[in-house]
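So, here come the structures, one by one.
Look for chain A in each of the two complexes below; its partner is chain B in the first and chain C in the second.
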Partner chain A sequence: MPAYNTIAFRPELCNGCGDCMRTCAEVKTGSADSANARIQISADGDTLALALCRQCGDPKCVANCPAAALDKRLADGVIAWDGSKCVNCLLCTVGCAYGGIVYNAAAQHVVKCDTCAGDPACVRVCSTGALRYLTTARIYNEVGDLEDLFAPGLSGCQGCNTELVMRHALRRIGPDTVLATPPGCIPGMGSVGYNGQTGTKVPVFHPLLTNTASMLTGIRRQYRRLGRKVHAVALAGDGGAADVGFQSLSGAAERGEEILFICVDNEGYMNTGMQRSSCTPFGAWTSTTPVGERGRGKTQHAKNLPVIMMMHNCEYVATASTGFMEDLYAKLDRALAASERGFAYLHIYSPCTTGWRFPSQDNIEVARKAVESDFVLLWEFTPAAGLQLTRDVSHPVSISEYLRVLGKFRHLDDAEVHEIEAAVERNRQFITGLAQGQHPAMARLAADRADDTGARS
Partner chain B sequence: MNAVPQPQAQTESRVLVCDGNEAAAWAVALARVDMVAVYPITPQSSLVEYLAKFVADGRLNAEIVDVEGEHSVLSVLQGAALAGARTYTGTCGPGLAFMFEPYLRTPGLRLPIVMSIVTRDTLTPQSVWGGHQDAMSVRETGWIQLYCESVQEVLDTTIMAYRIAEHRNVMLPVNVCHDGNYLSFGAARVELPAPAEVDRFLPPPAVHWHAALDPERPMAVDPLTGGAGGPGPAMFVRYRKGHCAAMQNALSVIESVHADWHRIIGRRHPALVEPYRMEGADFALVTIGSMSGAAKDAVDAARERGLAVGLVRVKTYRPFPVQALVRALDGVRAIGVVDRSVSFGWNCGPLYQDVLTALQSAAARPATLSFIGGLAGADLTIGHFERAIALTRAQAREGRSGGVIWLNEEDR
Partner chain C sequence: MAQPVRYLLVGASHAALSALQAIRMHDPDGSLTMITRDDALPYSPTVLPYVVSGRSQPARVALKDESWLASQRVELRRGRTVTAVDTTDCSVRLDDGSVLGWEKLLLATGADPIVPQVPGLAGVKFHVLRRLTDAVALRDAVAGTREAIVLGAGLIGMHAAENLVKAGVGVTIVEMQPRVLAGYFDAEASALIETTFTDAGVCLRLGRRAAAVAAAGERIQVRLDDDSELVADLLLVATGVTPVLDYLAGSGIATDRGVLVDDCMRTSAAGVWAAGDVAQARDFYAADPGARIINGILPDAVEQGRVAGQSMAGDPGLRPYEGGVPLNTYTYFDQQAVSVGRQDCGATVRSEAGAGRYLRIVMDADRLTGIFGINSPFDPGVMWEIIQRRIDLGPVRAAFLADPQRAARGVMSRTWR
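== the complex of A and B ==
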């Protein structure tokens, strides 16, 4: 059975402006009288409640209808109402627990949401983000039947985000793959296995921490020589990519090897006990940047590895987050396709419940907050199109929204938070500048040059 | 099984004049290697230049990967071998040191990679010249090591190395060691065998019939193995023991491969050790590598003067040919071992140390002496060997052992 898109409501974000209702009424009836809107938001004690058709999987309105006027459409999941069959008995309204189908006096029959053919007007006008049209059903519909190519029961920490990345990525990439998982959490949780047993259903190996991209080079080139199409894929941590494994990564990228290199960035050596890597952000506690009388966590900012990879002019480079799965899947697809032509690098930010010290159920929320605060920026690069932001970065939530949920930042004072804030802003300007084809520093440089030329002549 | 068309580099056997680096490159072409990964380093550089030229000219139909360092050189080849490729590279000295991490792992993966070590002394003192210190420093890592004396032997041994490495009872990587400067750049007359003859000698690659990274035969290569308790300890022992057994198997395989080379190609090289003028020898030198030529001349001259001296050259250094060496040295009263490298822990040459250990299984206990010479490109001349012969003869007369003679110490 397929999954369907839906309109979701977060009352804590709603300011009760009523734009959604007025717009709905306007679009559906031509007048802005909220009473005629298919969506109703009203006070419910201390909070706000939504009355809207949920397009249920097992709709009671459809079951109650004696005239077959309501139908759950298999193609898009919308429950459609057919006026030519409706006998106005209103039994449907009795069946619905959500106030999603109600009698409308002006229309003189029941009315309900039809999601505006997949582009709901109410969501478009919602300025606070309280209403969202969730289209993640696409992922389930497209990959739900694909085999999970890792064995059940990998021994990751509770709530591990990296395990999520691994399972999603490999399921999508498919079985015609040789998978490299350099030392770190990924093999640590048993993907390559222990004592003759393995946790992966495709050919998988431990490269050294240092030579992932080089070993994949040999594998891919030999299969190409034999005329066989085999994906060469790495699922590596940030340490093996940005630190000790960087030389081989850079070499393979420069040579344009046909590899899909996925860096799962949990900002440190989490498998070996949460030590600092060059991807660890400023101020973060790690076991090698401890907090004490003199220690205040890491004293340098993180290396921006995806930007460095972009400067190799790879076939494809992108950043992604499990907080934004559709975006992640779209990038995974493009990265995989690009890896047939050259080097594709996908940098996935992966919050670590154990190493970052936050409750295991909060992982996706932390991933989302990282992006929403601009701490992490989502973008992609191709040589033809350059760098493009794939998510608006102009309205970030406060950085402290993100920092305060993480134990590794708990010791930060205001000055240190400001330092991070400033770095986030610099990075936002840097990436935005690249996206607009003019980095501010480059523009200044150009201006200086123009001044020099003027002074000389 | 290999779908790649193979152009013929040449069709007939022929004679050419070339140095050891070019000879190794010819061997790679004749062995129909699938993948070569290269990074230049003195004195190996011309070897990889020849390979690149051979590929550019269509003489060698191999994938050539110009990587960013030796660490990746061997890593690329590991990946290629796990996908079934016959592979080759060469390095030395600092390059070998940088390669050490994947180097150490290759034999455990049981990948039949062939790699020339164009031997070079190790840093420091800073040096770019020949010496065995690089290859000797990795003698206990589980690679097979063969040391060549001549340019012809470099060519022939490099091809033979594939038969040895890919033998089902061996499946181990092989270092073909040829001396930096003296063999790498010393030109000599070389007979190049006909490709058809080499094809008769060397079948298509059999590289990944055991461990493979192939979606048609999915498996995990190298899961964590060992630890205390459970199946780990016994499993780890099984791998290590299997590796040791394969090294011992290699001794007879090396002999039979050399015999096949003689039968098919028509040239005979010593397989494990080469006894030279050992008939009735009262004392002997033990040598390794290109120095053996000058040493043999010195032995010839000494024989003409009536001295009962012989020589044993060690060709196969790892696995160490204990029985063959003891047999070759049977009956001598004194042995002078000439090393081109140093064992810092024992204040002698490493080959000397090996010879001493091997003699534990001999009936007699001859006097021994360690000579160290030819470091960092220093020449080992007939004069040096005459001195070595004289000193070893004195040992034989006096029946005492010990001491280290640094042959180039008085060079001016």
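== the complex of A and C ==
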């Protein structure tokens, strides 16, 4: 069964204007009486309740229909209602726990949402972004058909997010790739193989922590000389990128080598025993920033590696998260295209169940919370457009909602939480400022670009 | 005996289909055979009143078609009746004498009409309504009918009576209870429904039993227990249903009124499950978890079928059966009657009737135990969920009583969004 698009509702963005209901009624019945809308948003105390067909995967309304009038369409996932078969028995309404199929007195039969054939009118008129039409399903369907270019049975920890990142990324990048995986979790779980067997179905090598980007530079240049189009891709950890691997990374970026460098940031050296890196955030427990009588976790803030990479004026720089796959895939596609022209850098935040101490089934939820709390910001940079936020940062959930699920922050006191809050707020203002082009850093980059063009012409 | 099938489903209606889908979610390949005594693709008894009225064409009521069954790798044997079950060598015997082995067996044979012991009834031609052939026969008989008698004012009798009167037939309903639909609604709601029927010209003989039946030429004569006499061209017997159990004689599978099952729909015999109208399962409302009832409704056949299928396939995602909750929707003369839950397991906290509308809410302390309406908008599925989750409505009690649909949707959004 394929994955399907869906209408999503974020009540915190809804202002109760009712446009969605009026428009739906208008489109479906020709009159704007909200009572006839297939979507109903009603206030109950301070809750905004959404009664709308969820187009369930295993729909009880369909199972309860004695007349074969309801059908879960395999093509688009919509539960279709056939008025010529419906007998008005209302048993479908017994099966629906979402108020998604209801008897409508004006129509004299049940009515339900059909997603307007993939272009829902309610979403089109929603001015606050509370209603969105999620098309993420598309990528799962597309990518699902591509070959997984890692071998099965990599030995990542249970619930490892990095394994997910690797498999998704390489599937999309495709087989014409030479892959570098410097020391870290990625070769640790088997990318370069065991006992003479490789862990990938593409050529892979294991550079030193220090020379990943320079080795890839040579490989990419050699293939170009041979006239072969090959992607030179690094999958490195934050240690290998931000600390000891940084000089070769910075050099390759500055020279504009045609490389896609993906940094999988799990905020420390998780493979070797969870030591701190320069990407470990303030207050975090690691084995080298212990928590005890004196120690309170890391005493410095993380350095902002993606911003540093942006200041190399790369062809493309972006941050991404597995909590937001559609965004991640769009950026991966753009990064790959940019790596044909110059240096592309993708920074993917990757929560670590083992090193951050949280239950293995919560990984995606943690990734999502990191973004929703603005602890992690999603943005992208191109020389032409500068830095652009790719997700609204103006309605963050409280930072403690994020911190409290992670064992590595469990010891924090209020003052330390405030310290983190303040850092998150500074970063938000800094990045927002860059996005609005008001920041001096952006002005400098713009000037560099002008110089560049001047020099070339 | 040939190679046994992994899954054998006896019955091809809601319980069996729901089990089949649950099995296939977990085990896409295990061999699966489904047997039905009907020579038809799977269909629902619930659609039959509409076949009688002509609204549904028999050719368009199939719940699943051949290509879907093939896609699910199901072998459907139609027109074959299981006559015996052997739980020692794990096989069933069919009416053509053949024997079929199974590893896991589901009994989903539903129910048959009860034909009451009325003197003379066996000697006349009467109709029942449970199978597609019954519906077609009844539909065809309506054409030449001027007057009809319906025994029983349950859902089946009421549906049939409406169809008959709409087809221009004079109808008399005989019911031994003092009101119609006694199992589903309280006296006030029943009264509203009765008014609609009598306004439409249906004659109701409530609190009366048929004492004797006899042929009167081409017609049928029914004498009631007050010695009054009715004569009609057509007699429909709709006095209730009883599980189909005859084929279980000697199998050793424990039965009471139906096949006794635990919360995973397992019967007393290893490797044998039962679900739907044939099963006697946990009662949601009973304090005693061992109490067993036959709920006899379509949504529960679906629910029980799912539990059985998951259990048969060894699906670790199995959530055991929570117990039967009565759920009924009844559309009559363009009016909507809905009952969710029970009337007698709490106190009535809101009740109003009048002007074709009716609403009654029953709660046990702050928990909803039942809600009943006629032309009252609320979401039955949301209410079912609220009852089943035993949600504490204390914090929203006033709002719930004032506008149950809105408040229940609020609870939904806070609890299971």
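Following the convention adopted for this analysis, the second predicted complex is superposed on the first by the 321 of 457 C-alpha atoms of A that agree within 3 Å, B and C clash if a C-alpha of one lies under 4 Å from a C-alpha of the other, contacts with A are read in each partner's own complex, and residues count from 1 in each chain.
Note that in this section contacts are C-beta pairs under 8 Å (C-beta built on N, C-alpha and C of every residue); 3 or more make two chains touch, one makes a residue touch a chain.
These numbers were taken from a predicted model, which means no experiment stands behind them.
In the superposition on chain A, A:G193 makes contact with chain B only, not with chain C. In the superposed model, A:C113 lies in contact with neither chain B nor chain C. In the superposed model, A:M310 lies in contact with neither chain B nor chain C. In the superposed model, A:A67 makes contact with chain C only, not with chain B.
Contacts of A:A253 after superposition: neither chain B nor chain C is touched. With both structures placed on the common chain, the touch criterion links A:L208 to chain B but leaves chain C unconnected.
After overlaying the two complexes on the shared chain, residue contacts for A:R221 are found with chain B alone; chain C is out of touch. For the contact definition in use here, the chain B contact set and the chain C contact set of chain A share no residue. Listing the residues of chain A that touch chain C in their complex gives 11, 40, 42-45, 47-51, 58, 60, 63-68, 84-85, 87-91, 93-99, 102-103, 108.
Residues of chain C touching chain A in their complex: 14, 17-18, 21, 25, 44-47, 49-50, 55-56, 60-63, 298-299, 302, 327, 329, 331, 334, 336, 338, 340, 377, 379-382, 384-385, 396, 399, 405-407, 409-414, 416-417. Partner chain A is touched in their complex by these residues of chain B: 2-4, 34-35, 37, 63, 65-69, 71-72, 75-85, 87, 101-102, 105, 212-215, 217-227, 230-232, 235. Chain contact summary for the complex, chain A toward chain B: residues 175-178, 187, 192-198, 200-208, 210-211, 214-223, 225-227, 230, 247-248, 250-251, 254-255.
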